Structures are given as structure tokens and as C-alpha cells.
Amino acid sequence: MSGNTFGTLFTVTNFGESHGPAIGCVIDGCPPGMALSEADIQLDLDRRRPGTSRHVTQRNEPDAVEILSGVYEGYTTGTPIALLIRNQDQRSKDYGDILQTFRPGHADYTYWYKYGIRDPRGGGRSSARLTAPTVAAGAVAKKWLAEKFGTQFRACMTQLGELPIPFEDWAHVPDNPFFAPVADVAQYESYMDALRKAGDSCGARIRVQATGVPVGLGEPLFDKLDADIAYAMMGLNAVKGVEIGAGFASVAQRGTMHGDSLTPDGFASNHSGGVLGGISTGQDIEVSIAIKPTSSILSPRDSINIHGQPVEVSTKGRHDPCVGIRAAPIAEALLALVLMDHALRHRAQCSDVVLAVPPIPAAI
Amino acid sequence: MSGNTFGTLFTVTNFGESHGPAIGCVIDGCPPGMALSEADIQLDLDRRRPGTSRHVTQRNEPDAVEILSGVYEGYTTGTPIALLIRNQDQRSKDYGDILQTFRPGHADYTYWYKYGIRDPRGGGRSSARLTAPTVAAGAVAKKWLAEKFGTQFRACMTQLGELPIPFEDWAHVPDNPFFAPVADVAQYESYMDALRKAGDSCGARIRVQATGVPVGLGEPLFDKLDADIAYAMMGLNAVKGVEIGAGFASVAQRGTMHGDSLTPDGFASNHSGGVLGGISTGQDIEVSIAIKPTSSILSPRDSINIHGQPVEVSTKGRHDPCVGIRAAPIAEALLALVLMDHALRHRAQCSDVVLAVPPIPAAI
Amino acid sequence: MSGNTFGTLFTVTNFGESHGPAIGCVIDGCPPGMALSEADIQLDLDRRRPGTSRHVTQRNEPDAVEILSGVYEGYTTGTPIALLIRNQDQRSKDYGDILQTFRPGHADYTYWYKYGIRDPRGGGRSSARLTAPTVAAGAVAKKWLAEKFGTQFRACMTQLGELPIPFEDWAHVPDNPFFAPVADVAQYESYMDALRKAGDSCGARIRVQATGVPVGLGEPLFDKLDADIAYAMMGLNAVKGVEIGAGFASVAQRGTMHGDSLTPDGFASNHSGGVLGGISTGQDIEVSIAIKPTSSILSPRDSINIHGQPVEVSTKGRHDPCVGIRAAPIAEALLALVLMDHALRHRAQCSDVVLAVPPIPAAI
Amino acid sequence: MSGNTFGTLFTVTNFGESHGPAIGCVIDGCPPGMALSEADIQLDLDRRRPGTSRHVTQRNEPDAVEILSGVYEGYTTGTPIALLIRNQDQRSKDYGDILQTFRPGHADYTYWYKYGIRDPRGGGRSSARLTAPTVAAGAVAKKWLAEKFGTQFRACMTQLGELPIPFEDWAHVPDNPFFAPVADVAQYESYMDALRKAGDSCGARIRVQATGVPVGLGEPLFDKLDADIAYAMMGLNAVKGVEIGAGFASVAQRGTMHGDSLTPDGFASNHSGGVLGGISTGQDIEVSIAIKPTSSILSPRDSINIHGQPVEVSTKGRHDPCVGIRAAPIAEALLALVLMDHALRHRAQCSDVVLAVPPIPAAI
């Protein structure tokens, strides 16, 4: 209710602050009997980890995860899985100024008015560091979905600031620090270097995809699969827009074009993005998100302090000049959490007969 | 859990099918002591009602609402408010063919695989008719928010098919059947007439706005205000994209430009759309949504039946050639429901001190 | 959240007031494909109905239920089932006095301080009349559990005021107005007649049982099956105590005696009441509840009005002199709702392997 | 949903196993601005701690709690408070036999059939050790309620096995290992010594009380305050019965006697136990619970193994011969958690006017 738990049947309760002793989460609802170790989780945490290139924050965090519960002799037991990540590279400094000042584009102002108190160290609870437990929980969901249905998740950057990134091949994504699906990222490297030198930041657009999705996930009226995906993605720090399938382009499409034809071999196209009436079709889930430019920038900005007086703010310290760069593994995790939750909900709700019927193949 | 209840503290449980005996909802969590009558609700229902122009479905439904509970001598009592709308213009016909066939772009296929059974009459549960109870509940939320904070809601169409609609004035919106903020809608009338003649359909883009929003609404990590708005909007039938504030345009913005400066008189701009860190800033909430073209069209489409055999489908009957046309009041209602829910959540969570602090004025 | 919805996966949202236009509920989460008609529900409603003997309230209510949604051609579709019962025998009178006065043992005082407004007509929302929709929803749950697992529910009175009622046979229960498991109820008839003449009321003790319960229902830590049963029963109007299995008698038992031995043929006894570690064992669920004497009595009582001044109150009108008499079908319904909810939760959570394993037979 | 989270607005998500690396919980919904340190929590943990007398388990656990988040410079921030307690005195041994055998009265059988896998070490998740995080969370709730309303909690033993314990004075409770409200506990010491020598166990009855409770807490229909108290108490390991106020004795009471009269000075008696219509009256909350004898006993019992074959089981190791002895602080914590949750719910729901009205004093 206080907004720190994600999901309904597969729940992830997140805790921690950017510079507190630890961050982590408690996963509840993971089915019993799945092999699980720290290594299964660490892989995705490492993909999200800071300090892996000059284009992201230089904070040094190993993000080593410890499983505190819910696993016995290497297998999940159906009880809560608590994951703990100790913060290592906190910096103690005088936060007096920051405590009194609202940084433009930041949550300082809203936290202050909501709570009357806030932890200013590195953004406290509003820091993107809190996506690490989400990624860890997402790794558990991914494993279960892969074993059960063969579902796979991937994400890539499709635009960096004003530069569109053409899609060449998913295979390039792991080979560059931008999660870009292209062989040559030289222009993006230069772009980021110039931006950093200018003390400025930029946005990004990320495409997220799930393949091997079972048909029938999602609720009919309010907890539609696409609604829950939009909720998950828009809740990610700095996201300002979400599209499913054809997205905003569908406004200018005609009905004769948009509605995906069905053939005995499956769907003939995928403008729906894999969701019809809020329920998965078995096609690939296709999502696109817009990430705003980082608010923590060196360039001075006009603002006010808690007394309403004008001040000038420039944010020093270690920050990502484009938070979108590390967003790909987080967006994958969020999509996995949504699908995992709906997979469990579907088991509770559907008729026994339906479970046994093989769906028509979804070609596209 | 089964996706028919919206909200957490202010909940709306929706029931009914397009051609069943009745549709309606139960509102739980409405604070006691607010004056409420059917007339307060009917106004918005009439704005959404079918048959009000030649550009929408010709189904004849008065959509008269009856309050069954929760109101005593004209005032809410804090107990559930049940709202009932009897369906009037159901058409009995042979649905045999439709029951066996999946219409492209429709929920037929997904309902079939989820439930193994479906009510085919007019789309059954997946019909946009089920937005009527949402609009009714939204009217209750709007009234409470208006009385408590002065919050106001409005929405308009900003694009019809491939035609962008320039913003002239909110005052024009009630004067035309498109909810368009322009004085002259002749070109949109011709566009729709041609489309209908062609047996085709088109999409639309809708802008939704809330003014007079209190600061501090929204949860910090998962139930962010913008996340819940995205969930609400993407859950609306036919929506494929949601933007808050600058939306997808923020990708190409620089941090020096995007982050809204603060001055002693309030924010200097509103790229955030009224939400920072998932919490309302007190600025206007600005949302934009993409609505896909109606899937029910006269033009024949390729599809399959439940046995996987190829068939040709064309959808007769009464349908909106652009479901976006009637979406404005629905989108307002959804935004009101989200804000109402968070207003109650905020009362439960914030410190007593905070409640007494007047926020800095939000100029923009 | 506002306390009008029961359950988590199989939810029942209750609405209405004792003398308002209607009462009813929306059931969400009922699996698709089950045959369901009004007749299936009416049977249990009739068992709870007022006016069926001189020992209960003489209010004349047919309690005829209408299914508004969720059923298509006689089968559930997996969408919400809305049930409507119109109130028929409301009495309009001047409630001015009652509105100003707190009746001892009633919810008048607490509603007044919680809401600042209350519907005084027949107890408004706090009337036991609101158990009718619960009974209706319970009938749906009973039907599903019976078809799926062969689960059966029954309840009987085991004490009336200070008179213990010996257990003779379940077969006697439907044959007398007390739901007493004895052949001869003459002494209970006289007891009630004397009580009514005295303008007083008495309590009752009810035993509730479920047989044919699948093993494995219930959550391990907080939503234990027995915890949810206690919640359901203590939430029933006038209930002041709940026991599972040996109940309070277990305090004086030794461990060597209480813990039910297991044999290859099943459990050798049932002190647990069918629940171990919060999870069903497959034995009969055994519950006992204490119901306090009705608070609405003719005998004058000392009280105060809303201004804190002393007044004398005696409650005229139609009332049950022992609310426990009609409690049996309601308690059955509540137990059925708890088991139904946990049956669906179990489907979502357990491993696939477990579902296939036949449990050891539970002899007792 | 999987039963490891307690509460709705003030939630406690519990994790851990008896012999795993750690146990703990995440508290979400604690209002900001309350002073909080480990010392505030440790006090109650120490009252529940094992090894403090010869009458309880000799497991050596300091139960030292670490606050991982949600507190900044000594004050709560409104974000999740994660509490960690490392297990110290795990014993590694061969659990092969126990894994194959169902101990009578234990959760072994039900966990096996629910999950198909279980952590056998010290009862795993079903161990009463998991009440430690509940006690820790309860301490946070107690502190907030005490500061806000002056609410206080206390509990004492009122029966040990077949020995009733007369009530002398609350002052004696902290002075003996039984939480007994009497000066001289010699007979209870002898009773327990004899029981331990016999390799047997016994039950207990505990009285729990809250004073200084605000009027108006609780929901009207399903989440009644007494229903939630019953849920909380029955969910405590080994509890088989719950009473509110007069409890089972109310069955034999007449209405003229049971219903508490009101006077200008408050209520004249407290048969209701502080709850009317599911909502707190402002009187003391009075609860009584029955705790069954410990199932882990040295005396051999008949049982079966997972293959359904007969075996004889006797449970060695460190166990409480009467789990009721340490139940008092746990029951207090559970009552505090229920009241805390409803206090926050009440803030969200009641009218503003009501909040300002001083209730009539509740004399008893």
C-alpha cells in the first residue's frame, strides 16, 4: 500500500536507501522446487552494475547478493526469498546544503512535501540504485519462466538523445556499453563524451521484448497485461512514456492495417505487441519506453531552498550522464516480474480444461 | 486479483457484460459526509453515452444510473456505493458464427484461450461499454477532489487518424462531437464520413489534464503516481501508448532543458507533467494517450476459427469507427480515480506536521 | 481496504443497507465453466431467510436473488458475478430518536464516532441482513468445491443460552428451526418463548464442519487457514469467540494426547480440527463459535445520546431474540468462502509435481 | 498473497527459517518523523528470547536486531524499515530421518503435501522462531501508538495446563518466567519440572489487553477490528481458540446483562471487549487465547513416513515444553500490529470533522 511492494501473487518488497547500510528485497510467491543460487541472480546484477564503462556512474559497488531465506539445499521451498546487497561505496560528506535545497527535476521537492523528512544521501530512497533489488528479483522470475515456458527477455537502446539507433542484430547488444543493437558504437561514444564535457545529460529510448510467452496471461478489465506493463515501466526512474506494439504510431493507422490477421500458422503481424483485450496472445511482447535526461548535472540551475528563497544548484558527485544506458536489464526485469505475476494468477483462475489445450502457434 | 477492481483505498469493482441484464460497479472507500445524488453522476455518463452524433455507435442506451447503497438522505455514509445501469438496447441474434471465429484485433482469441468460454454478445466483458461504470465512479471521485482541493479534470482530442488537431482553447471542447479544442471541426467531420463509407476505422490521440492537484500524492518506489496513471490509461480499451509531461520528446531533450527550474513563484516550466520521483508536484498533471483504430470494421479480414481453419471476417452491427472520439470523459474519469486513491493513501501515510504545511505555489 | 470485500483470489464485495433499495455482492474470481443459476443460490438464502419460525424476526423478505453478470447460457464465464437482492419489507418511520441515541451493545456509538453520519434504518450497514449476500456467495463457493473435491459443509447449534444441546445426528438439523442436531426440540421452544415474553435475548454456540477438504490449503505464516477461518467467523455479527479443533480444551491437554497420531490409514484423531501449521490436513475442518445475545431487546437499558446526556433505551420493532438461530447457514457460507479462496491460492502456488501426488487418506 | 505479509497499510513482510542464515522483516507504512533505534526494538525481543529460564528452549540466540533502512539520523523517513536478525545457534546434524517422517501435531505433513519440499532444520519456516520479527515489528507499532494515543499493551498467563492462574496484579508479570500475574509461582515451577521429566508438554491460556485505544478503529463489514484480532491471534503458532471480551461465556449471558450500558462517564462494563460492530469503542481491548501443548516431545508417538509406512517418532533437541510461556510478548505485538494498521486505515477513511470530535470518555 505504501508503494514498496511489486506484484500480487509473485511479490517483491523492496527496501533500502542509496547510502544506507544495505538494499534488498523479499520475494514472496516463488513456486517451490526450482534450483536457485546466488550465481543465477548475480549475472543480471552485473549487467546493471555501475562503473562498468566511462559512460556511467563511477560508484564502485560489487552488488554481491546474499540469499537469506527460502532456499534449502539449492532449491526454492515456496517460502519468502530474502535478498541482501550491502552498500559498499557510500560517501560520507556534509549534506547540509542539499538537505535545504530542491534540485530541479529531482524528487527532493516532492519527498519534502510528502514526508517532511528525507534522506539526502545520494538521493536516498529515490535513487536509481534501488533498481538493483528489482533486477535481482527479475532474475528469479526469468529463471522460472524460462524453465516453465521457454520465455526469454531482451532489451536494447533504440535512441540516444537525438540520435536514433538502427536495429542491426540482438547479438550486438552485449558487446557495447550502450546495449545498442549495432556493431559500431563510435558515434555514441563521442556523443556521450561531448555531453559529459558539457556538464549536461541526455535521454534514451529502450525497446524491451519477451519471446516464448504463453497465451492467456492478463486480466480482462483492470489488471490487463499491457496496463501492468505500463505501470511497471512508467514506475522506473526517469521514464516518461510507454508504448505497447505499434504504440503512438497506431493513431495514424487504419483498422484494416492495424488489426493483426490470423492464419492457420499464427498471426500475420504484431501491431498489438502481443496483447489483445489485455491478455497475451502468445506473440512476442513488444514494449518501448522513453527515458528523460538525468537531472543530476554539473551545469548550474535555478531553484529554491526549503524556505522558498532562490538558489543556484549544480550537482557534483558520481552520476550517470544518461540513466537510459543502464536501463536495459532493469526493463527486462520489470517485464519478467509482470509476466511472472500473471503466470501465477492465470494458474489460479483459468479452467482446468483450458490448461490442457495447446494454443495455435503464434508465428509473429 | 481477477482484475475487476480498480484502486486500493478508493476501490471500484466493475461488473457486467455488454448485452447482459446490467452493468455497474461498487465504490468502496468514499469518505462519509459528501452530498451525492444520481444527477452528480449522470452528467459525465451523458458525455460518454453512445448515439449522440453520427460519428459514434448508434446503440440507444440512456445509461440511467441508480444508486443502490452508501447514501443516506443525500449524503455519503462511508459505506459502499453500488451503482446500477440496466442495459436497454441489447440485440438478440444468432451468435453462432462469432462464437466460432476470432476477429482480428479483438479479444476473442485471448478470452477463448484464457477461459475456454466467452460471452460473444457485443464483445461481452471486453466491450468498451464497461467503461460506463468507470465514468460513473470517476464522477464521484471528481466531486470529492473538487470540494476538497479544487481539483478539475479535462480532456481533449489532439490527433484524429493522421490529422493533428491544433490546440486553440479548452472552451471549444464541449461544442463538438470530437472533444476537439478547435472552433471549426468541418475537416474532421468529412474525414470520419469518408472513413465510415470505406468501412474502415482510425485511431486518436487524447490529452488529459488535472489542475489544482495537491502536492505529495504518489508512492515513492512502485505505486508512483505516474505509474498508476500509466496503468489506468493503458488499461483503457484500445490504448497503445501513454506519455506523462514531455513524454517521448524527453528522449531528445538535454538535462539543462528538461528539468523544470523552481522559482519563489513556483515551477518555471512543466516538462515533468506534474510528477517528480513518482509524487505530485502541485503542477498540472499532463497525460497523453494513443488510441488504436477500432477493430470492429466492415472491411473483410483474414482470420481463423476455433478449429484453426482459415475464415474471412467482417464485423457488422453498431460500432464506433473511432473509439477515441468518446475517450475524453473516460480518460478524465480514470485520472480522477487515480488521484482520489492517492489522496486517501496520502492521508494515511504522511506525518501530521506535513499536512499542515502550505506548499510553495506551483506557477505552471 | 474499507472492509467490504472478503477474500483475496475469490473475492466477495458486499454492498447495501438493511432498509435501502437493495443489498447484494460482486463475486470476482469464480473459475469459468461451472453451471450456475439463481436456483443454486436461492436454496441457502432460504435457509437463512427471516420469518420462517416464531423464534426469528418476522420481517417479510423473499430474498429473491438476481444474477446480473458473469453467467452466459447457464455457465460461469470467469468474469464478475453480480448478485442483487431487492429489499421489500422496509418500514418507513421517524428515526429521529434512534439517530440521537446509542443503543447498548450496538454499533451506533462506534459508527457515529467513525463516520460522523449513519443510516439508522434497521441498523443500516451493521444489520445482520447484510449476511444474505455472504450466504449467496457462499453457495457459489460450495458448488465449486463440491464439484471439484466433494467438499461438503454443515453446521448445527450446540448450545442455546445456558442449555447445552447434545449431538445426536446431523440428520435432525434441517427438521427444526434451531438447526439443532436432536430429534426433540421442545425444551428449546419453551426456552425461547419464555425469553421473548421476558423481553430479553440469549446467545448460542454453533459448530461448523467441512468434510472432503483437500490437503494443502492455507498459507504458512500469516494467512493460515485457521487464521482466516477465525477472521471470517469473528467477523460475523455478534460472534465473540472462535475455536478450531480442541479449542480452549487444548490448554489442559498434554502433548502426548493432543497431537494426532498418524497411521497408514490416516490420522487416528482430530484434535487439530483439520489444520496443522496453518495448512489443511485433509481431515474434517472443525470450528466452534460463540454468539452473544442479541442487543436489540424490549427491556429498557441505560444509555446516552449523542450529546452525552443519559437516556433510557428499549428497542421495539422486529428482531431475532437469538441471532444464533439463523447463524448456521451463514457460518457454513463463511467457511466455504475461506476454503474456496485458499483452493485458488493453492493452485497458484504449489509445484506442479505436488498437484499430481495423491494424499494419504485422512481417516478422521 | 503467499501469507508472509501482515497488515494492509502498516505491513510486515516476514522472512527466514529457523536454522537459515537469518530471519527478519520489512515494515512498510510506518509514518515519518518518529524517533527509532535498535534499542526501542530490542527490549521486546529480549522478553521473547529463548534461554532465559529452565522452562523454555535452551537455544542460545542473542536476537540482536539491525535496522537496515528507513531510518535517517534516528528518525523514520516513511520508507520501508528492514530489520535483520542473524541466526547464531543453528545446529548442523543429519536431518535424513526427520525429512522422511511426519511428526504428530507438526506441520511436517501439511508442508510436504503443499510444497513437495521442506526445510526440516528446526521446523524451518513453521518454527515459532519466526515470531521474533513479528515482535520486532510490534515494538515499532507500539511506539507509534503510545506516542500518538497513549495506547499501552500487556499480556499475562491465566492458565497453565490444567492449572488456572488467578489474577492478582499486572505488576507481577515481569517478575516471573511465566508472565503470570501472581506473586508466587512455585506451583507452576514444580508443574513444569514434572512435565519436563515426563517428556511431555502442556498448553496455556493468555490474556492480552490494550488500553488507551482510540475510538473508531475497525471496518464495518469484513475487516472488523475483532475479526482482524482473531486472525492475528489464531495465526500465532499453536493457538486453537480466541475470545474477545466475554467470549464463550457470552453464550449463556442474557441481552439485559451482556450489552454494556453507557453513562455520561463512559461505559458501565466491558463485556464487548472494547469492540462494537467491529469498531473500537475506546474501552480496553480484551482478548484471550488458547495455546495447545507443544508437539515436539520426547515421549514416543505413532506416525508414518512419506511412504505411508508406520514409524515411531520422539523429538529430541531443544524445545519449549510449553510454548505458551513465551507467548505473552508475541500476543502483545500482534495486537499492536492490528491496532496500528487500523489506526492508519482510519486516517484515510474518516471524515475530517470526525477527527476533530473528542469521544465520550470510556470509563471501563
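Read from first to last, the chains carry the letters A, B, C and D; within each, the first residue is number 1.
As a convention for this text, a residue touches a chain if its C-beta (ideal position, glycine included) is under 8 Å from a C-beta of that chain, and two chains touch if they have at least 3 such contacts.
Since the model is a prediction, treat every value here as computed from it, not as a measurement.
*Asks:* Considering only mean CA positions as chain centres, point out the chain farthest from chain A.
*Replies:* Ranked by distance of C-alpha centres from chain A, the top chain is C.
*Asks:* Would you say A-B or B-C is joined by more C-beta pairs in contact?
*Replies:* Of B-C and A-B, it is A-B that has more C-beta pairs in contact.
*Asks:* Whole-Å distance, chain B centre to chain D centre, using C-alpha means?
*Replies:* 45
*Asks:* Calculate how many whole Å lie between the centre of chain B and the centre of chain C, each centre taken as the average of the chain's C-alpha atoms.
*Replies:* Distance between chain centres: 38 Å.
*Asks:* Using CA atom averages as chain centres, what separation in Å is found between chain A and chain B?
*Replies:* Centre-to-centre distance between chain A and chain B: 26 Å.
*Asks:* Indicate the residues of chain A shared as contacts by at least two other chains.
*Replies:* 1-2, 4-5, 8-9, 14, 29, 32-33, 78-79, 114-117, 125, 220, 345, 348-351, 353-354
*Asks:* Which residues, counting only chain A, touch chain B once they are in their complex?
*Replies:* Within the complex, chain A touches chain B at residues 1-6, 8-9, 14, 102-107, 109-111, 113-117, 125-126, 130, 159, 161-162, 195, 200-205, 215-216, 218-224, 226-235, 240-264, 268, 271-273, 275-282, 290-297, 299, 301-304, 308-310, 324, 345-346, 348-351, 353-354, 357, 359-360.
*Asks:* Could you pull out which chain D residues touch chain A in their complex?
*Replies:* 1-2, 4-5, 8-9, 11, 13-17, 20-24, 26, 28-29, 32-33, 66, 68-70, 72, 75-82, 84, 114-119, 121, 124-125
*Asks:* Could you list, by residue number, the parts of chain D that touch chain B in their complex?
*Replies:* So the residues of chain D touching chain B come out as 1, 9, 29, 31-33, 78-79, 220, 344-345, 347-351, 353-354.
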